């Protein structure tokens, strides 16, 4: 492809939209992993549920997805609380060395349940909605309104969470728990409450992401799995529990896919994604953020 | 092995070998599934159970073995192609093993998942580049032959896994599971051991993949590189209790039987029931079947 | 010189110099003490000798062979074992299996009767009665002895002993001193001992090396070191 | 607790299967469905056709088996989108459940996997949602494919259509999955034969997340025809991003996707005049059964049928129904009847030559004002082609 194309702001816009989506989905998972060491392989299914919330709100009442997003986030909080009361205290109590394998199993089970319940309730037929699909031209860049909304909301939420972590007491507490739960407890952080808050936030962000992505994706009960994989790739790449690192990694993957395709060929799109991930991990076994941490 | 256990194992093996003459054609397909999952899960446990390196990418080995057999179909006889599939899988594991096994914990889990996806897309691209868009396989062996071959691999996997557990290699891998730094400080060559075990745990899945590709007359890369296969292997091992030699066998057999019963009796809800079952396991038997069996001991 | 020879070893972590120009000799059969305030670089030096860390500069030889840059298992195979200041037992395994693993691996050529070696090491460290218990269930004093038992069972000729007396009460310290003394005599082990408990080190070591901020600042017999002004300054200066 | 859950689910499942039966001695028809896995999103388009057909037949007094009318009862299992599992299921349906008749599973690999089982037991089955040149390699006699969407025919027909609409420069983008690649193989030479220059020919993986580069290149290439050999997910991506970037080629073809109801929901007028693969439309007045089927479907399910898959699935039911009415349930008689008779379907008459449908032509649909019209070939067309 030509150099004109590489320099095109159109590409930049697409890379940002894609990357912001990855960053947002990854951020939710990172909060849950960082504070609790839970491998939530059902994360993408929360995205799916959020997308259905947006779809039904739109189909039944005409409520546009950006306005349904808070509802999807609220559903995420409800599910987080239900999970917390029903299962997590048992899982977290079972000894640290088993948490990762066992949480993998629990969330794999939950994922299967949620997907199939959704299929029973909504059928597996793909759904889609049409909203905000006008194209706006700014400085030679064509942008679909829905994609602008996704970009802005995703960046705002990611930025808000990162700033909130630095600027608020709860944020500092979450950072402390991510860094070292035991030490945080010693200095008086209410670790169970902080974890619960992080779980709420993580699930809410996933639901919200789903509501936004419903504007541009087919919606179906089994749409979540690719988001789960993408979210894990993002947070591992950024360094587990490193929320800022994850956001950077998400954006990076958006750029790798868009610009990588422009520099090579579309057929390498997926290989670029996973290739970057694998290469970075082999060079830096703890993800991108590790090196930055040692320097600081 | 005690004499009693030896007799029991011999009887179980004789019974398993006689299955094609005892059950109908449909029963045979279930037995084939069981043999396949036992072979895969036990192989996985050679590294995953002893050293607790949870590979979520074993489908890469399965898929590579399948791809070798499919691409060499009617060029190489199966007695060559299937072991070759195993060798290719093992060689691949050996090649990526050194760098990959420096990565630990959840990073390793997701790294292996990523590698399997990378291999899947690489094979898809190769297939597209070759213009090999639809591969049909004619004259595949019947299920009886496939079953006996897969059963052989399952038994081989069990023997290899048992030998590994008894060997210095197995002891070293257990040390790795407990504390990698201490392990190498007392003299365990952890790098070599992990890579060797990783390769060993890849060979039989490669051969199993080669055999399973023959169950369907039509080859599609998305099917043999489906990440759900990796998830299922890990699920079976954890349900059985991966740290114990019997765990992966019990986990695989239990899930094959239970999911078959649920599937046949509740077509709408069996996946949901399976999900409930998995969660129930973690809640009520966090150490897997073997962990639960061992618990009464003080 | 046939024992351990460390020459001009340096090591940095992300800009922080943990070791700089360290020279150290440990003669065969000797007990050498290594002293220094927290952060002086003692544990880093152990890590560099045992292969857990890679030195940035300098050479290390043991019995005439270069060992710097070797992996820990290669170093162990040549006859060097270490204990960890913060104990690292294989918690889920029994005490016996902990030691047995060390006996099965450890030095080369391989031990042809690891079970006997294990039994002897457990007996020497007074852990025979605990052999069947999971290592995670031992008291701290017992876990410190397990560290030593494992090191001994590797068949090492040189054992790097890292603060096995820290956190123990007076009786336990006395017992540990006895144990180490006996190990040295009966097994003719060479020992390099890091210890915070000064009294203990003075009694045990024939020679003492003092590290301060990654450098060797003093070296000599215990009595000489005890009177060295730089040493007391380094210690007192470092005290809060 | 597990036991109780298991029993409860078992009872629920049994009740579900039994719910449809109201005759004392129903005809049991077996099939597998891709309820979970890769094909799960596509399978409902087939299942709904089966359900509708069963309900219609039962409401009319049952299936005519030659001598009497008997209610239809389905026996089905989830094949998890796994062809091997599907083959296993058909083995079970035939030997264990001893069903009277079979309907098809979803997808090409699944059909091909099941073909061996049918052959082994000499059990006839009318297929539907399989589309590959590979189906011709299947031994004829027990399986038939009513589809006319076979890549070696699609390629030349599509090239001819493109030529007829005035395309001179074509840009091709293709998914790397088999159906797309098979089409690519036959399309490129056919375009050459029609004198159409291929200015872009790129393949992409099934989970491609962004097409900006591809579509910008297409826009800049001056191609007046875009042929996207796409699957549903990438058809959605194409449509959304082509609008954003402003791909203005008058001829735009998407292989699989636009026939799905959700596609029109997602794009509305944006997708107008997009051309796609399909040989059925409710607007073809010559096919008397077409419009009533469409109306009944919309009434039952509240959405439009998939013009390709739902139509094919329903056709396979019609063929089976008519064959059974003539030959009864005897396998040999049924086999001979399916192989030789002409059947009246929602897609007009169907007659098999070997495993293939010898009558229905390879055809193309165009979305015009939200309606799917046949635009090619001329003898079945329901509307004239419109440029975008």
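The first chain written gets the first letter, and so on, giving A, B, C and D; residue counts start at 1 in each chain.
Everything below uses one rule, namely that a residue touches a chain if its C-beta (ideal position, glycine included) is under 8 Å from a C-beta of that chain, and two chains touch if they have at least 3 such contacts.
Computed from a predicted structure; not experimentally measured.
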Chain pair showing more contacts of the two, B-C and B-D: B-D
From subunit D, the most remote chain by mean C-alpha position: C
Length of the line joining the C-alpha centres of subunit B and subunit C, rounded to whole Å: 43
Approximate Å spacing (C-alpha centroids) for the pair subunit A, subunit D: 35
Inter-centroid spacing, subunit D versus subunit C (mean Cα positions, whole Å): 73
Residues within subunit D bordering two or more other chains: 35-37, 176, 203, 205
Residues of subunit A whose C-beta touches two or more other chains: 115-116, 267, 270-271
Sites on subunit B at which at least two other chains make contact: 121, 125, 128, 268-269, 271-272, 276-277
Complex contact set, residues of subunit C against subunit B: 50-52, 71-74, 76-77, 81-82, 84, 88-93, 100-102, 104-107, 150-151, 154
Residue ranges of subunit B in contact with subunit A within the complex: 52, 54, 99-100, 102-107, 109-111, 113-115, 117-118, 121-122, 125, 128, 227, 231, 234-235, 238-239, 242, 268-269, 271-272, 274-279, 281-283, 286-287
Of subunit D, residues touching subunit B in the complex: 1-2, 5-6, 9-10, 12-14, 16-17, 35-38, 76-78, 82-84, 87-88, 91-92, 95-96, 108-109, 112-113, 115-116, 132-134, 137, 176-182, 184-185, 203, 205-206
Residues of subunit D defined as touching subunit A within the complex: 35-37, 40-41, 43-45, 173, 176, 202-205, 207-214, 216-217, 232-233, 236, 240-241, 243-246, 260-263, 265-268, 270, 303
Residues of subunit A touching subunit D in the complex: 1, 5, 8, 10-11, 14-15, 18, 115-116, 119, 123-130, 133, 135, 142-144, 147, 216-222, 226, 254, 257-258, 261-262, 265-267, 269-271, 273
